[in-house]
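Lettered A, B, C and D in written order, each chain numbered from 1.
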Amino acid sequence: MKKDMPYSVLQRERQFSGSDRVTLVALLLAAALPLLTSNILVQSVASQALIGFCGALAVHLMLRLGLLNFSVPGFMAVGGYAAAIAAEYGVQDLFALLGIAFSAPVVLAIPIGWIVLRLKGVYFVLVTYLLTEIVQLVIVETPSLTGGTNGLIGFPPTTFFGTELISGPAVYYTCYAAAIVALFVALWSTRSYGDIYDSQAHNETLAQSLGLDTARYKAQAFPVSAGVAGLGGFALVQLLITAHPLSFTAASSVNYIAYVLIGGAASLLGALLGTVVLVTAITQFSWSGEYSLGLFGLLLIFSVLFMRDGVVGVFTKIAHTIRGRNQLAYPATQGDPT
Amino acid sequence: MKKRETTKLFAPILGAILALGGSAVHACEVKVGVVGPFSGGAAQWGVAMKSGAELAAAEFNAAGGIPTDKGDCKIRLVEIDTQYSAQGAAAAANSLANEGVKVVLGPVGSPEVSGIKPVAARHRMLLMVNSYAKDAIGPKWPLAFHVSPGASGWALPIVRKAKERYGMKNVTIIAPNDQGGTDIAPVVAEAYTAEGIKTKEEYFQRGTADFTALVTRVLASKPDAIDLVSSPTVESGTLAKQLRVAGFRGPIGKLGGPGTEEIARIVGGYEALGDYYYFEPIVVDEEALKMRDAYKELTGKDSPEHTFFYLWGAASRLVFQAMKEAQSAQDSEAIAEKLRALDVKDPNIGEGLWIGQSFFGINQELSLPFGMGFVHNGQVEPLIKMPAAVDK
Amino acid sequence: MSQAALSVEALSKSFGGLHVFKDLTFDLAPGEILGVIGPNGAGKTTLVNVLSNQLTATSGTVRLYGEVVSGRSFPATARLGLVRSFQHTSVFPTATVAENLVRARYFAGRPPQIHTEATELLEVCGLGAVFHRKAVDLPYGLQKTLGLVMSCLAEPKVLMMDEPAAGLERVERIVVDKLVHYASHVLECSIMIVEHDMDLIRRLCPRSIVLEGGKILAQGATPNVLSEPSVISAYLGEALEANDAVH
Amino acid sequence: MDTFLLALVIGAMFSAQYALIALGFTLVFGILGVVNFAHGSMYMLGGYVAYWSVSTLGLPYPIAVAIAVLFTGLLGALIEILLVHRIVEDHLSTLILTLGVSLVIVTGVSLIFGHEAPQFTFPIAGSIPLGPAYMPLDRLIVMIVSGVAILAVYLLIFRSAFGRAVRALSIDQSIARTYGMNPRVLFAVTMALSSGLAALAGALVTPILSLSPHAGESVLLTAFVVVILGGLGSIIGATWAAVITGMIQSFAGIYVGGSLGTLLLFVLVIAVLTVRPSGLFGAPARGA
């Protein structure tokens, strides 16, 4: 092989994208929410959005690999219950509990991932759905550990350097801590492996043909997604002060998926926007009544058909239109497809 | 400057949230929360509860309202939909806390109640709830009241009456394996056992649509009677239908959960249902029907069909009476103190008492006269009015 | 002759009871460019799939410079230096051309630097002008070219090209020559070309193998092989048809 | 021994029902590559249309079943043509789309017919003794209809020109065109067939069990389990998996009770997939 001076360097893109920056800044600003308003309702909705964001991130991380993950509530339950049980055994420190809520699902997801990740597309969807159902059944069948159908109530409160986190803003910050950790994990994961995940999602065979061991990266992404979900589960248990099986039903997995798809599946910002929009819509401006499920269905249909890139996609399109950029700006190329 | 911009950004959101409360400006008003499922499958329970509360509020307001240190104040109900979920109920409690509400009527289902209690306790709210959970109330929740007795209160008298009639020696109880089932089935089982009836418990997976296998299993032990306790209505109907198809001729009980009519429809009519006995939280007699007329007169609307309307009407009257005597809508502890001491004597529903000590360890369960129903050989018999349950 | 770059010994593949090919034995010498031809359904693409371990062989052994590659995973085989390209366009659609090239280097475990020749190659192939466009937005010919370039950038020891000219216009096919030249002369790798375009095989491959019905019908110097009566009778109709199909 | 026989009979009843439900689900996946989350709601809708035809139009039950199948089949075709077809290549999007469709259907039915279960019973009662066991006539009819439907679908797919085109289509659209078949039409027909089968199951089974707007939910889960176990897209696989699932549900239900049977079933599915990632009889489907 010739040893010429390299003419050009093909370096991997590993910077944050613009939308990642916006996401991070938005979440950092959210820390100031309790300072801006003492409105408990706003804090409560925001807490729910932060929890939903963790779930949405867990969905997003697997969707990056082209896999639709229905196991999010299952792993949320694992994280939430693990932390609640640890609290009963005297672990109250926020950081320790965050660690437990993250690592318990990770540990469980490693062997499960080995099984699940051999499955393609739709099989993965259905099996992850079953996983959540199994977690539900296991909770119901193990009342001595999990409280069974009654759930766990009355575990000691979480502490932050010895201070009990029980006031409204404190609970908000507990959820916030979970969400920010989840975001950093997601940023690390997408920044380090974004191109690998994207390649697997769009042309796994090509990636393998070049020498990429795709199985390894899938096996790595699944536990990370599970851990992120676990953080959300921890926050949910803290918000409700209860670990209850009904908080983690298989049906609720659809919500987290909807957050991501409606916000925009391509970016972390999509997950954030989708969560904020839907959580606010559902809890506050409750298009309630008997129509609510049907309206939710219509929203899903509409966004799948007409908003393929979600809310973020719509914004991007508007921004492009305003800047007057369009497809013709690219250099024309010769040749047509046969 | 920056802060102002942010506030501007939030202003529409805050405005919208406040508008939800429908903040009409009154000289003086006290707010009471009404929390329940006002949409979705359980909406009929929530709407009936809300109407009961509306009736009581209208009555008290017509009589001058609640005396406070600001003078006599009108009661204003702040209604929040939980969509029958724990999260929804917790969020509802948070938003009520935001409005400074200290007294809450509802919610009406076990999942909601388990969601609202911890949050309400944190904000020191007085709760009047309905739930079949075995920890619905308790010493841990000194401000939580139970609107009507759980199975621990009424199961025994009903079992006694059923035994008188059918003389069954062994009973199988069938319940779903969720909180609604696992919390109530053992309590009902205890009532049967106390009457010397041999009892077996069977649980089914929630969401089961076809009970052939379970029915076969249950009938193998040849029970004299089968009790569906708190099984949801559709599941109860399917179970009853399949039991009858499989040749079970004994009486079917339903000690918990409403829905006799719907169950009969699923089975294929009362004829097909055969012998059936059930618990009815309240007997709507002539006296009770006066509440319906009063509601029409005070609010101009028709009251809902669901019998929860009468139950919650009576319970709301008690809570408002306690507020009146405590001269506050804020001091939840004082209100709770007055509530515990109130004589339970509803003009329309009848005399009752506070029970709960022996089962829950706290005497905060409202016991009113209740009903028991029989369907005999396909004939619906009039409800039997039973006196309010007492502690064992 | 020294050690073969690729040595295939009694290789068989069957699906259920159906044999796609049976007992194939042939070698690819270092630096050699071998043509593999045969009528449709002869098992050519399956052969590439099996050699690259994308499919598991039913029996037989494949060696790369003496090292047994049979039984390894598809990516592990590629990492050893036995790389394939695809008949249909195969790119990372949502990534730019540049990003596609980066990934090719990175996934193959190669350093990010590429040589002058490679850069020139990009210009010659027409990819330089569209460096920052998304692959999916490129015309078919350029997408196909990009896929071929990516397999070259993996710097394999042996490159297997599955119908590199398929879907390219006649004028575009010159690109394949340039790529083969680059792979052969700059990367000094051995190449196996599965193709229907006889002109291309004649131009690029000194030696050819003819597959028919899962067996080697003929092998040897390309002009000789193509003039063998058995090959003509088995193949000619097909070849004409294939040529018709592209124009 | 008596119980064993009984369990076997009940298992057979379950199997027939499950097969009928899973058949359409697997068909749509095999041919369109779409996981139809609206399949359960088609079952429920079939029940409601049949109920409406009997109670409001006063039609005889068999005609009501036919109307349910036609109406729901037509609706299925419309959904395919108007919605699914626009994005049929994208498996994840069609999954979410059909989920949305199912929510809309469930809400629509609740608004029209109410949340509560209506009175809807099978017109034929009674049972025939089978030694110690018994076979209710209504179940027998369901079994016979399921058997005929499975056979018909099998013949249609493997023995007819339509079937050849459809199978070709599942591999390559251009081949289907050489059979003179338009993919658009084939997809719509397949969806109609699948929805019609679901509605047939619904119209037959809901009067035996119960009819409510949420009746389709457990059906969808059953269809999933059966179809994954058998291998998505495989008609034979779905049939066998229905038998396995039916027998497990029956034996676990009778001998164990509670939810352990369900847990066992789910774990079995995952265990099978560990060994065979495409299910028992699975073949890679269109692009999945």
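To be clear about the criterion, a contact is a pair of C-beta atoms (placed from the backbone, for glycine too) under 8 Å apart; a residue touches a chain by one contact, two chains touch by 3 or more.
Note that this is a predicted model, so its numbers are computed, not measured.
**Student:** Tell me which chains count as touching both chain B and chain D.
**Tutor:** Where chain B and chain D share a partner, that partner set is A.
**Student:** Which chain is most central here if centres come from C-alpha coordinates alone?
**Tutor:** A
**Student:** Across the interfaces A-C and A-B, which one involves more C-beta pairs in contact?
**Tutor:** Between the chain pairs A-C and A-B, A-C carries more contacts.
**Student:** Using C-alpha centroids, which chain lies at the maximum separation from chain A?
**Tutor:** Ranked by distance of C-alpha centres from chain A, the top chain is C.
**Student:** Would you mind pulling out the distance in Å between where the CA atoms of chain C average out and where those of chain D do?
**Tutor:** Comparing mean C-alpha positions, chain D is 45 Å from chain C.
**Student:** Just curious, how far off is chain C from chain B if you go by their C-alpha centres, in Å?
**Tutor:** Result: the chain centres lie 73 Å from each other.
**Student:** CA centre of chain A versus CA centre of chain C: separation in Å?
**Tutor:** 41
**Student:** Chain A to chain B: how many Å between their CA centres?
**Tutor:** A distance of 37 Å separates the two centres.
**Student:** Find every residue in chain C that makes contact with two or more other chains and list them.
**Tutor:** Answer for chain C, listing residues that touch two or more other chains: there are none.
**Student:** Hunt down the residues of chain A that sit against at least two other chains at once, touch-wise.
**Tutor:** 140, 290, 293 - these are the residues of chain A that touch more than one other chain.
**Student:** Which parts of chain B, given as residue numbers and ranges, touch two or more other chains?
**Tutor:** Residues 43, 177.
**Student:** Each pair of chains that touch: what are they?
**Tutor:** Pairs satisfying the touch definition: A-B, A-C, A-D, B-D.
**Student:** Considering only the defined contacts, which chain D positions touch chain B in the complex?
**Tutor:** Spelled out, the residues of chain D in touch with chain B are 3, 6-7, 10, 13-14, 17, 115-119, 121, 125, 127, 134, 136, 209-212, 214-215, 217-219, 221, 249-250, 252-255, 257-259, 261-262.
**Student:** Could you list, by residue number, the parts of chain C that touch chain A in their complex?
**Tutor:** Residues 52, 54, 73-76, 78-79, 83-86, 90-95, 98-99, 101-109, 112-119, 126, 129-130, 133, 137-142, 147, 150-151, 154-155, 167-169, 172, 186-188, 246.
**Student:** For chain D, which residues count as touching chain A in their complex?
**Tutor:** 29, 35, 83, 86-87, 91-93, 95-97, 99-104, 106-108, 110-111, 221, 224-225, 228, 232, 259-260, 262-263, 266-267, 269-270, 273-274, 277-279, 288
**Student:** Show me the residue ranges of chain B that touch chain A in the complex, using the header's touch definition.
**Tutor:** Those residues of chain B that touch chain A are 3, 6-7, 10, 13-14, 16-17, 20, 38-40, 43, 81, 83, 85-88, 90-91, 94-95, 97-98, 111, 114-115, 117-119, 122, 133-135, 140, 177-179, 181-183.
**Student:** Which positions of chain A touch chain C when the two form their complex?
**Tutor:** 1-2, 4-13, 195-196, 198-199, 202-203, 205-215, 327, 330-331, 333-338
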